[in-house]
Amino acid sequence: MTKHPAPDLRDELVTASRILFMKDILDGFGHVSARDPEFPDTFLISRNIAPGLVTHADFMRLDFNGIDVEDSGHRPFLERFIHASIYRQRPDVNAIVHSHTPSVLPFSISKRKSLEPVMHMSGFLSGEVPVYEVRDHGHVGCDMLIRNSDMGDELARSLGDEAVILMRGHGMTVVAPDVRLAVFRAVYTEVNARVQAMALTMGEYTALTSEEALAADETNSAQNQRTWSLWETQVQNEVTR
Amino acid sequence: MTKHPAPDLRDELVTASRILFMKDILDGFGHVSARDPEFPDTFLISRNIAPGLVTHADFMRLDFNGIDVEDSGHRPFLERFIHASIYRQRPDVNAIVHSHTPSVLPFSISKRKSLEPVMHMSGFLSGEVPVYEVRDHGHVGCDMLIRNSDMGDELARSLGDEAVILMRGHGMTVVAPDVRLAVFRAVYTEVNARVQAMALTMGEYTALTSEEALAADETNSAQNQRTWSLWETQVQNEVTR
Amino acid sequence: MTKHPAPDLRDELVTASRILFMKDILDGFGHVSARDPEFPDTFLISRNIAPGLVTHADFMRLDFNGIDVEDSGHRPFLERFIHASIYRQRPDVNAIVHSHTPSVLPFSISKRKSLEPVMHMSGFLSGEVPVYEVRDHGHVGCDMLIRNSDMGDELARSLGDEAVILMRGHGMTVVAPDVRLAVFRAVYTEVNARVQAMALTMGEYTALTSEEALAADETNSAQNQRTWSLWETQVQNEVTR
Amino acid sequence: MTKHPAPDLRDELVTASRILFMKDILDGFGHVSARDPEFPDTFLISRNIAPGLVTHADFMRLDFNGIDVEDSGHRPFLERFIHASIYRQRPDVNAIVHSHTPSVLPFSISKRKSLEPVMHMSGFLSGEVPVYEVRDHGHVGCDMLIRNSDMGDELARSLGDEAVILMRGHGMTVVAPDVRLAVFRAVYTEVNARVQAMALTMGEYTALTSEEALAADETNSAQNQRTWSLWETQVQNEVTR
């Protein structure tokens, strides 16, 4: 027991997975992970399974090369390098969500418009959310997945200091200081995308300034428990998915 | 007991909260309040909690400075000043909904189109629904929230005699003579926004004239019990959220 | 008992009401009626209640002047004249749905595009679905409702021989030879509106020719039992709404 | 018993039908079939019933002329020739989904844009998904259905070697080497259509290259069990539809 991380973090990741599935951020694909506070050069992530089905027993602990440090025997996600590289390059990040959310995807492929914060709930978004274009990194004709540490490192560098990065024709990756805030940011990235897309069909609009975004993010981060309590109650009240 | 407002108003606010959550007007954020008929210079509003989780015990009574007159010990909403200022300036208003409804938000940021009534159910909307732009009131780089009485008063003045005001990049505030009508108006503001946005993608359209809007509003206000009965039944039949 | 219509028609209208509510064609408003086969100059329609709550006991029998011929004591719908006038002018019509369906409403207000059949399931739609503009009939500044026989007759004449008519800023009215087909047509009018609106955002498209529409309608009318069985099972399995 | 196909394939088709109904790919109409591995010149398909209601006992075995080889007495689908002709012309195909999915339909009628793969989950789509235009095959003023072997053969030839074909004003047909992959492809064709349509409202976008699509398809086909497990669990947990 002494070597294992606190069990409640795995439970929190189960709840996070089910919330993200309930909110249509994740479908049968995508994953959420957390840095292990006891062994901070490793992180917890489920085996290769749909997030809506994940349980406490499905988690494994990986190092920053994507190696299963406890030899769990579980089959890992192909894209574990998204998580590994970001945890290595961003000591401030303790939780990561990767998803293929349909309403966010158009902003990953558009040549005309970047995703940007248009409402105060999504002040964590930067003025122009960066997009990782796999072709720009020499991967021509690839399957779009982040399959190894080199690609993970490219993605992490493209992310820089931001909270969210889009991946062209693939999805998004959201990072945060803790699991609850990562879930919050993933949910409101999706809401922002819908609001911005609808506003775009009407013509020009006013986005948040970077000052407004920063101030709103600071306020909302402190209100995060309100949504977590709600969403946790909702998924617990659903006996099954 | 003699000093407390009739308990049924708190129950009505619980039902209202759950209806607005069921209809996606409120999510984890937003709030609904009612003027206390016994102490009309105070109003009832829940403590800082998600509307989908609110119960009878969560309500507190605030005065128009946002002070908890019964020292309940509850933590209030940061934005209680929205309610306080409007109740002070609008004696005809006895119920208020504040929300971040995604399909309404685009109209709060659009430079091209105002929300306006395009269907008879939303005749309570004015020809061009006003938008509170926080920057126009000297709040530069703020977190967008209505955090004090000064900002609440600005919002109330911008609302004027209307039933609905949008807040740029933030949400909407809906007022009515009673809780049931406030819920009705919040719901149909959202429907109107979707209908208008869809019509906008097709080009020019015909809105209601102010005469049509006024006449339709008068009729619909008298039909309000029909929707309340339905929605109340729906939320009561859901054992849990 | 001898004077009463067959009870199964009232049950069928209850099922129809609940299907249309489940499919978001009706919300708290709107109504479905059926001509009484025993007294074909009268029709069955519920009292003024939300369709999602209607039961067998809520129905009343009205004549073509909108008079309650059995003095049920029920409060009728203001817009019963929609039904009364159409049954009088269209002996082929035995069931009518009136609704405020949000995805259909944009076509009632657009100056640019008419609703038209773009998929074979909605072959019952005419090439350009007619729109009743209340202003064109001298009703200026009215509440948009069909409140009397004169307005009902105007609507019925505007409908002509069609299956569907839109009402500007108000909703739609759908007619059919029987209740099940009226439900079918109301559902697929809504689907057609969504498909056509989405196609419009892409530019020009191909609609059905009137010959295709006619042929498809004839085929689909004979397949109507398939959807009715499904939808009836769905609403019966929901213990409550 | 010796002449019957393995019972588990019929069970798999029941699960597939219910998944496709849950995911709104099928509504009251549409069908999913599988080639009988024991008698590969026949296929299993349900009788004329809504997919959401189908059970093990509803299946029949048809040959490539659409004839019920076991004289089940069931009433077959009018459009069984879609399946019969494709199984005859495509020995690699062992499962077929035909549907009227609303978000895919706009791409079947648009004169401006073809459906194409814009996200890695839908790499099975060809660069420009073919559209079967019934008029181009001399069927003028018809009811749009694939009613006989000649029309089935036209559709199969238009499909060529692709995984998906659209049918103008009618729907889509999706083929795959097995039932689970056919379900997967139908689901992600729908997601791709929504993503592409939303991107189109923003202007130009980047689609997958054919090399990317091919590589992504190969990867995703091997991940197919993950979604099937999820969706199977979801439909099994719903006691009734």
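Letters A, B, C and D mark the chains in the order given here, with residues in each chain numbered from 1 onward.
Operating definition for what follows: contacts are C-beta pairs under 8 Å (C-beta built on N, C-alpha and C of every residue); 3 or more make two chains touch, one makes a residue touch a chain.
Remember, it's a predicted structure, so these values are computed and weren't measured experimentally.
S.K.: Would you pick out the chains that touch chain B and also touch chain C?
M.R.: Of all the chains present, none is in contact with both chain B and chain C.
S.K.: Report the inter-centroid distance (CA atoms only) between chain C and chain D in whole Å.
M.R.: 32
S.K.: How far is the middle of chain B from the middle of chain D, if each middle is the mean of its Cα atoms, in Å?
M.R.: Their C-alpha centroids are separated by 46 Å.
S.K.: If I count partner chains per residue in chain A, which residues reach a count of at least 2?
M.R.: Only 201 qualify.
S.K.: Which of line, ring, star, complete or other matches the graph of chains that touch?
M.R.: Its topology is that of a ring.
S.K.: Name the touching chain pairs, please: which are they?
M.R.: So, checking each combination of chains, I get A-B, A-D, B-C, C-D as the touching pairs.
S.K.: Would you pull the chain C residues touching chain D in the complex into a rising list?
M.R.: Spelled out, the residues of chain C in touch with chain D are 118-121, 123, 191, 194-195, 198-199, 201-209, 211-212, 214-216, 218-219, 223, 226-227, 229-231, 233-234, 237.
S.K.: Which residues of chain C touch chain B in the complex?
M.R.: The contact residues of chain C facing chain B are 27-29, 48-50, 52-53, 78, 100, 102-103, 105-107, 109-113, 133, 140-145, 168-171, 197, 200-201, 240-241.
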